[in-house]
Amino acid sequence: MYSYIIRRLLMIIPVLFGVSIVIFFTLRVIPGDVAQTILGTSATEESLSALRGRFGLDLPVHEQYFLWISGVLGGDFGVSMRTGAEILPEILSRFAITFELTLMAAIISWIVAIPLGIIAGINRNSKTDFSVRIISLFGVSIPNFALATILILILSLVFNYSPPVGYVGFFEEPLRNLQILFLPAFVLGTAMAGAVMRMTRSSILEVLRQDFIRTVRAKGVKERIVIFNHAFKNAMIPILTIIGMQVGVLLGGTVIIEQIFSLPGLGQMVLTGINQRDFTVVQGAILFIAFVFVLINLLVDLLYAYLDPRITYK
Amino acid sequence: MIKNKKILVALLAITLMILLAACGGDDSVESIDNNDDQSSEESSEDTGESEETAGEQILKIANDQEPAGLDPHITPAHSSVRVYSKVYSTLVGFDENMEITPDLAEEWDWTDDTTLVFQLREGATFHNGDDVTAEDVVYSFERILDEETGSHIASYFSSVDSIEATDTHKVAFNLSEPDATLLTNFTNSSAAIVNQSVVEENGDLQQVAVGTGPFKFEEWVPDNSVTLVKNEDYFVDGQPALDQVEYYTMVDEAARLSSIRTGEIDMTTVTAQSAELLEAEDGINIMEYQTLEYSYAGFDMNHEILSDEKVRQALSMATNRESIVDIVWDGQAVVSGPIAPSMGDWSIDVTQHELYSNDLDQARDLLEDAGYPEGFEIEITTASTYDDMIDTAQILQQQWAEIGVNATISQVEWGEYLDIWTNTSADILIGRNGSGSDPDRAMNYFFNSEGSANVWGYADETYDEIVYEGKTTIDENERNEIYTEAQNYLLEQSPNLFFVSPSNYVAVRNTVENYTPYPHNAEDIDETSKK
Amino acid sequence: MTEFIQKLKEDKVGLAGLIGIVIVVVLALLAPVITPYSPDQMHTEHVMEAPSSQFLFGTDDFGRDIFSRIVHGAQVSLQVGLIAVGIGATLGLIFGLLAGFYQGKTDQIIMRVMDVFFAFPDILLALTIIAVLGPSLTNTMIAIGIVFTPVFTRLIRSAVLTVKENEYILNAKAVGVSNIKIILKHITPNVMAPFIVQITLALSGAILTEAALSFLGLGVQPPNPSWGVMLNESRAYMEIAPWLTVFPVVAIILTIFCFNLLGDSLRDLLDPKLRQ
């Protein structure tokens, strides 16, 4: 077990190196650079080359990469070309926001989806099952940004409500923080709920078919106890997996929601960075997101292995 | 089965209740605020600040773009200008009629054709307490002119030969040749007076801002907000009226619209369509002003087909600018030439110009003369960031098809757009230009063969001579005539097609007083206050 | 196979999904015939008109007929979905087969590269690829295809690993059947079940991703009427002219709905564990 963990941890290193190389060189191929986006249509040749020199963009590309990656290895992500701000502290503070948003979305989706999934599963092919499946599919089918815009519009017109402006952290003002994040988390959670519900349903279906459940039933144990004590517990394993995966996917998928709800999260950072050709910001943020993503995947794998004794590791 | 249905209903009910509780709860808070109509109190209530701050005047403004940095000398982005123009002062400013007024300089004087002397106000201080002296002015402009700085406004002061502090509060600009545009250029927010020690301490001014203006820079939370607080020692008595200004970045129009409706914010720019919607609502005033901008299609003048003047004229005639006004700007724009109509006397009336007549037959004749009776294929490039540019491209595509010109649209995102702009790597580029505060900007900077924003490859000696004369002629009437000639000449040559100059809209809660947007300064809040 | 079709016939939900997809495909193919106007034609005197007998779904801000655009949009959106998923699935199938069958170094190299791409969040990867290639219909499909590749590769690889241990394959190897033949004749058919399920689900993912990219201005290029583009253009007018939003939203929801219904049924039908 321990050697497995260590081996998996070591495997993260080449992956992250790969990510750093891919993102670094990809960015250098994108047309346009930060000097142009800063100066916009007021650019002159002289001012452009002065700015490029200041950002080290006049160096050969492999030297730029070497400078950057050796900085990163020493914990220095550099400064934003555009604003001159330190990148790592900003990544961390933005990660906190994206993570909280993701977590809230996940919790909202669990509250709705897991019970519905169980109900649908134990009543396979009943009317309840169909209606639950259809509702869940709606959640998956509507584009995030459309749902967000519709909700914003309806809430402001009908209830004269809009989320408070200006982000504040949870530890500064918990209540306001939750108010700000609820709506975006709800929108994100909708899509997620569909997926979790479907997974829950099929896990329950699978478990209910297994032999030990039949044995328990045959013993005359009440149906409700069968479901909650035996079936649900066993169905939790795959559900946990998808939940872990979803959190990982959501971390990168919040871009659009962050933009619509003006949340200063990581996705927004990457998007603004790409638009402004702020290479140092984009490569730092992507590398960090990849790191978290790989780590979460590893955790999920380990959790899975831990919960399911049938899995062996080499 | 029945039981399960009950559970389902219960779950749905709970979900709904959570939703409603969230909305309903806030709704009640909101209605209390609406009753006493005191948004400043609302903010203290919402943020849970203590009682002492309750009387503070806080203005919340939502913008569609994040500031790109705070250094006035190297950041032309409007999202940055609106912030640093409140923190810094310039030597002179504009009043509402675009007449030059004192700012940091009390008086100014042309001692001869090539020497401009400013007498600085005494007693003005930077936000860190330093006095403002002539040395600061010298330092600021030397920083602008230094190539290493890469300042976007260096070209504004290219006629400046040397700057001298002749006294603690007196500074002289020595020019290499007469320059009629110079004084106006000093009103530009980017020509800000900065503090040498602050620059040296921080390398540049992108993250810090220590100026002499009405507001002090307090905090910038990236992709979220910028907070400015009142400068108690501002050199203009009684200004500013506000205690604090908060700028929020809200990229999404729908979000800004809903926030101004609910009163979460006090002020925001909106599109013409949204303005129409808000107009009908209580508690919100809509203010309109004509911008100094115009939309255009720029031609690659070295392009095989487009280098022919007749082709460009044909395209101009094939363009129905009125429908651009109606469809792209919802009727809220005026047809424009190279100098936007809001520049007043400087701009000529283009609506009667032959090339604006939308005469398709004549356009076809011109194409035939040029040797393209069947039309041709061409690509229009536009920026994905701006809906109006995408829309304009789509309309041109439709209209030009009438004379056989088949255009495809390539929509690129902003960074690439700027790259294409710099390298003129598009056949036809859709864009918007600001015509600046002096006609020289619109005419010289964008179209002189040496002009740094002339990316089109347009080079015409006659034109160069006309605009050079305009720049060096001091007499206003004479200048006016020169620029009229220049505009007509440029229209005839059509290196760009000029389309329309849009109106901008600001939605303001009716608790905000003493705020009026002007074309040259839409966001002056020095005297603004809240009820 | 006949058994499979028989089962699908019995599964009303899956059948409904299939029929829905067929309808959308037919509409898309017949677009030029059934639409009253060209999707780009601007009726400047009928701007933002509500649905009427002349304009079934109303007109947009340019006075273009929304019904015509929706039907033509089906073409564009399906095309994006099919080709993008086609790219991802083909690449995934090739890499997955190679990695799973040969294992060892080949496996290591392929899977590490896939890990690298898998570590990028979907939208951000697509965004970066499009930033490099420039936004266009083709590049949107390529970007989404690349984004989907690692998922397919992993899926195929693990399916191959399971199949490979089957006796008949070991036998085939023992009697000296060539590797290529084994891969094509024995392994590929046996990994098709999860592959097909994944394809139906990926199709809906592709349509949604295209919509998301359009929101960011990087998807299909106007005036090309993909549903994503239409939806994004409509956001500014949601209040004044809700029909601009309603029809593309409904089109997207229904289509994805059908793909998911079919995908779910296929999963149930093809998953041996659920066959009882």
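First chain written, first letter: the chains are A, B and C, and each begins at residue 1.
In this text, a contact is a pair of C-beta atoms (placed from the backbone, for glycine too) under 8 Å apart; a residue touches a chain by one contact, two chains touch by 3 or more.
On a predicted model such as this, the values are computed, not experimentally measured, just so you know.
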| item | value |
| --- | --- |
| Pair of chains joined by more contacts [C-beta pairs], A-C or A-B | A-B |
| Most distant chain from chain A, judged by the mean position of its C-alpha atoms | B |
| Chain centre separation in whole Å, for chain C relative to chain B (CA means) | 42 |
| Where chain A and chain B are represented by their mean Cα positions, the distance between them in whole Å | 36 |
| Centroid distance [mean C-alpha coordinates] between chain C and chain A, Å | 22 |
| Per-residue overlap in chain C, given as positions that touch at least 2 other chains | 131, 134, 216, 235, 238-239 |
| Touching two or more other chains - residue numbers and ranges from chain A | 30-31, 149, 153, 157, 274 |
| Contacts with 2+ other chains: residues of chain B | 254, 385, 413, 415-416 |
| Chain C contact footprint on chain A (complex, rising order) | 11, 14-16, 18-19, 22-23, 26-27, 29-31, 130, 133, 137-138, 140-146, 149-150, 153, 157, 198, 202, 205-206, 209, 249, 251-253, 255-256, 267, 270-271, 274, 286, 289-290, 293-294 |
| Complex contact set, residues of chain A against chain B | 30-33, 35-51, 54, 82-85, 90, 94, 111-112, 115-116, 119, 122-123, 126, 128, 131-132, 149, 152-153, 155-157, 159-168, 173, 175-176, 179, 182-183, 186, 259-264, 268-269, 272, 274-277 |
| Chain B - residues contacting chain A, complex | 1, 4-5, 7-8, 11, 14-15, 19, 22-24, 26-27, 30-31, 34, 46-48, 60, 62, 66, 68-69, 74-77, 147-155, 203-204, 206-207, 221-225, 246, 248-252, 254-255, 257-259, 261-262, 264-265, 385, 413-422, 431, 433, 452-453 |
| Touching residues on chain B, where the partner in the complex is chain C | 253-254, 271, 273-274, 276-277, 323, 326-327, 384-385, 387, 390-391, 393-395, 397-398, 409-413, 415-416 |
| Interfacial residue positions of chain C with respect to chain A in the complex | 13, 112-113, 115-117, 119-124, 127-129, 131-132, 134, 204, 208, 211-212, 215-216, 228, 231-232, 235, 238-239, 245, 249, 252-253, 256-257, 260-261, 264, 267, 273-274, 276 |
